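Read through the structures below before going on.
Note that subunit A is present in both complexes that follow, paired respectively with subunit B and with subunit C.
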Partner chain A sequence: MNAKLTDRIATICFYLIAFLILSVLAILIGFILYQGLHVIDWTFITQPPGSILTGGGGVAPQLFNSFYLLVLTMLITIPIGLGGGIYMAEYAKPGKWTQMIRLSIEVLSSLPSIVVGLFGLLLFVQLTGWGFSLLSGALALSVFNLPLMVRVVEQAISAVPKEQTEASLALGVTHWQTIMKVILPAALPGIITGFILASGRVFGEAAALLFTAGMTSPVLDFTNWDPSSPTSPLNPLRPASTLAVHIWKINSESIVSDASKIAAGSSALLIIGVLIFNLSARFLGQWFYKKLTSTR
Partner chain B sequence: MTSQAVFQFQTAQENIHPLPQMEQVTQLEAKQVNVFYGSKHAVKDIHLSLYKNSVTAFIGPSGCGKSTFLRCLNRMNDTIPSAKVTGEIMIDGINMNQSELNATQIRRHIGMVFQKPNPFMKSIFENIAFAPRLYGASKAECKQLVEESLQKVGLWDEVKDRLHHSALELSGGQQQRLCIARAIAMKPSIILLDEPTSALDPISTSKIEQLILELKKDFTIAIVTHNMQQAARISDYTAFFYMGDLIEFNHTNQLFHQPSQQATIDYLTGRFG
Partner chain C sequence: MEQVTNLPNKKLEETSLAEELRSPAKKLIRIEQRGRIYTLLSAWILIITLFSLLFFITSKGIMPFIHGEITLQNFFSTHWGPTSAEPGGPFFGSINFILGSLMVTLLSALISAPLGIGAAIFMTEISPKFGRKILQPAIEILVGIPSVVYGFIGLTLIVPFIRNTTGSIGFSLLAGVIVLSVMILPTIVSMSVDTIQSIPQSLREGSYALGATRWQTISRLLVRTSLPGLMTGVILGMARAFGEALAVQMVIGNSPNLPFQLMKPISTLTSVITLNMGNTVQGTPYNSVLWSMALILLLMTLFFILLIRLMTQRGKQG
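Entry: the complex of A and B
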């Protein structure tokens, strides 16, 4: 076989693989949207679930919980993840200790989420005495988002050319100022990617939340913004089911008559939510990066 | 051929700038400087002075320790964990090479320009204003510093309408001049240049060489170069390094015209390197 032909065949193969991946994605999203889109209307987005007898209603609390849980999780994950990533990339000296940390991070990121859920049940739900709560859920999610975040931040920082650091240090800028003002802005696109990946896991996670944030949502009063009130949506110590948990629960143990309809609508809503969130995070990140680096 | 080449250096030297009859005021004196990378003895017992408002060129074949030595002068070797620098680097009667002294503060007064232009991924303005601002320069001072520094490196007219564009939009030669502007904005007393033109085209190179001759009015300059003609064109003193040793250090004219060491003669006549 001559080189030209081999090259052509290989090229076609790669195109086919790319096409295959794209079509799987397209079929999946298409199917979910086709099944669920007609269920979604204003009532579905803004109303709580109806009663078992009547069915109907919406998924407003679950939708809110998904995003609120994301915020809580990121409040924990981002500072620690950034700190860990900065430490690993800039301060950790090669050796036994660093290797240990790296190994721990890898083990942590490969833990099955159900195990993290049970661990969260013991530690964040029972030992703390909080019961099923958003905060317990956020802590459990942080447990497996942290390794991802640390790794992505470390890689993003390491990918910033060494010359940038040298230039800054040679000007008499301290190591810390160099990290904050030169390296992190340059590493921002990579960090945003990590943030989006971690967010995706929060939106999609169900197993770890079953035992930590719980499967139910109390009746919420969306006009009550006092975080200490049990009916306030902002209360971090209330139980909360996210959209993903809701889908699982509706499909597996619900007895409402329109269960499949609700599940389909929730799935579609979840996908749309994730898409909008990803796109806007990327867009915001790009905007911020351009502002910091003056590229256009 | 050999004597001709030397003769050319000499005439170039005389045409462009005859050896100045200046008094030698020592700006920096390195005494018994050694550098070890792990077990490798990269720079051996160097004794060398930089004189005020003069250009000193470090020449020698690759791996001879000239860049490593240059990086001792502003403590940049501190950033390499395996490197150990011994000896004294005296500036104004103070040894800069002692761990009690803060390397950050020292680097503030000794500017450095690198082989590959390395502007920050920031705007042209920010590239220059960044470090002075951290040292407390006000907004107005920053603005003035930016203009002043860009004027000095001859970049102002080329970029004054796009100060807030990314520095990465500039050409390689412009980027290198921006890096020089960034260094002089800190108002250092010494500027170290580590092969600043090796990544540039001939026109940009000649612009930078002109600039160096201009800058020595205000600063003391040390330049590492691979290019012997460049050393002959712009330097007042030349130090020839070989295998980590300082073989010969003299007025550039003297060193190129009447080298005293056999190794220098061999290098200058192209027998190695």
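Entry: the complex of A and C
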């Protein structure tokens, strides 16, 4: 009797915990969208920030920077992440050396992003002399994104049935060809899902960017597509503040009169972006899976 | 005679045929080697990145002590006054920040651990279907929310709430703890789910067959069996909390107080670094001390990883 009562109370507690977590999430998302959605309009997305005195304006350069930085980071991390993941899943033999790489991945992925940012400040901003720039930012983001990508690739490859690999090798196909033509295509859904989720993380990252990509954005001329021009949005050596950095900056300085409004709008944009990444990762993963396995 | 004249010719034919047969293999071997080198290089990049990071942060962090700009005694004191002109100054006491970081980390883990493990048990033992369909995606969305957004929510929702209910200024240790406990929850949940799921089903069946209730099975069997894994999740969460910078900085108040009162504004290592790194001049002691704090952050992260390694090893033995 007593044991049954305790059991029932415990069950209720577990339901309460689940309910609590769901309501926290609902409050978070609801609050952000409620505060931010009415700020977002066409001007907010397409105009640069107004002057400090007048306020107003939008976050167009920041929005662009966020996406551009994401593209640059992915350009750096996808090839290395693929290589590292393939190595860990296919070539690495158990031993000291492999343990060493595993430890590196573990340490790199649990480093605080502010520490990664400071490393970027030392190496990419100061030593190379690039200053606060998109390139420094992308490299710093790569440091913290790379271990994640390697893990994604390794896990996706490990999930491919061994029989497929063996069948390919038995046909006399070399190891590398097997990796390229058999294993990678089969692992692709997992890899793509993982990459998109990683993109979401990169998209919202700020601490690693404060001291690498900088907290300001120069006046950009969106008709100038020459990457070497300082006003061109494509120039990788210009400083750039992303949406996430922008939110932090206007909140911590709060000089701008309508700081909370802009922060609310930007937060909503960020959340929407992250939700899109999250949903598309799920959707694409399932779609690829269905396509490749022809399940209905 | 004919045979003799034919011989060299035949030999030539043979070698060219062998050559022809071998050449695609050679090409393949070359491709094979190239692939191997490419993946090996990628793995090397990981290791080189880590070691150069450790090297740069460490050398920058111990520099002020080697050059005698700051004494260890000064650094490990509670007096923070980096621009103070008082006799004996400037003061670079960082103990308050170290304690501040430890305090927010411990308190948020205290809140998050029972909730996270509870949620994991809910998802694996009580309602797997609801857990997988609704709670799992919810947790994934919580992971995805950027830390500045957490900070912004803390700033506009939690800080005013604390201000209105308690009459303090709102920016406080408590606000930091609340924000962090939500942020580290997903880490704890997903680690715990993995661990509990890996317990063999037969153990549960044995327990139920003995007439144990679900709660008895959970509390006496599942939690105990998976304890190392659950602890690993909590420590991973703590590592995340300890290193979190912007969300904490936005709500914690940034005053160099000792972190023993929930309602008082405090500072953490990360908040001091974020706020001052951009405003101090390179090479000044004020700037150097920030790098020493970064080194402490790094060492703490390594310590957490060491703890996790010990945990997983114990888990394997037990």
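Operating definition for what follows: the second predicted complex is superposed on the first by the 252 of 296 C-alpha atoms of A that agree within 3 Å, B and C clash if a C-alpha of one lies under 4 Å from a C-alpha of the other, contacts with A are read in each partner's own complex, and residues count from 1 in each chain.
Assume a contact is a pair of C-beta atoms (placed from the backbone, for glycine too) under 8 Å apart; a residue touches a chain by one contact, two chains touch by 3 or more.
Bear in mind the structure is a predicted one, so any value in this text is a computation, not a measurement.
More residues of subunit A are touched by C (comparison of subunit B with subunit C). In the superposed model, A:Leu70 lies in contact with neither subunit B nor subunit C. Once the two complexes are laid over each other on the shared chain, residue contacts for A:Met215 go to subunit C alone; subunit B is not touched.
Within the superposed three-chain model, A:Leu171 lies in touch with subunit B and out of touch with subunit C [touch as defined at top]. When both complexes are overlaid on chain A, the residue A:Ala60 reaches neither subunit B nor subunit C. Using the contact criterion defined above for the overlaid structures, shared-chain residue A:Ala187 touches neither subunit B nor subunit C, since it reaches no partner. Contact with subunit B, but none with subunit C, is seen for A:Lys93 once the two complexes are overlaid on the shared chain. The contact surfaces that subunit B and subunit C form on subunit A in the two complexes overlap at residues 174, 177.
Listing the residues of subunit A that touch subunit C in their complex gives 3-4, 6-7, 10-11, 13-15, 17-18, 20-22, 24-25, 28-29, 31-32, 35, 79-84, 86-88, 90-92, 100-101, 104-108, 110-116, 118-119, 121-123, 126, 143, 146-147, 150, 174-177, 179-180, 197, 200-201, 203-207, 210-211, 215, 244-245, 247-248, 251-252, 260, 263-264, 267, 270-271, 274-275, 277-278, 282. Residues of subunit C touching subunit A in their complex: 28-29, 31-32, 34-36, 38-43, 45-47, 49-50, 52-53, 56-57, 60, 115, 118-119, 121-123, 126-127, 130-131, 134-135, 137-142, 144-149, 151-153, 155-157, 182, 185, 213-216, 218-219, 236, 239-240, 242-246, 249-250, 270, 273-275, 277-278, 282, 291, 294, 297-298, 301-302, 304-305. For subunit A in complex with subunit B, the residues that touch the partner chain are 93, 161, 163-174, 177, 181-182, 185-186, 292-296. The touching residues of subunit B, counted against subunit A in their complex, run 74, 76, 79, 81, 104-109, 111-112, 114, 116, 118-124, 126, 130-131, 134-135, 164-168, 179, 182-183, 186.
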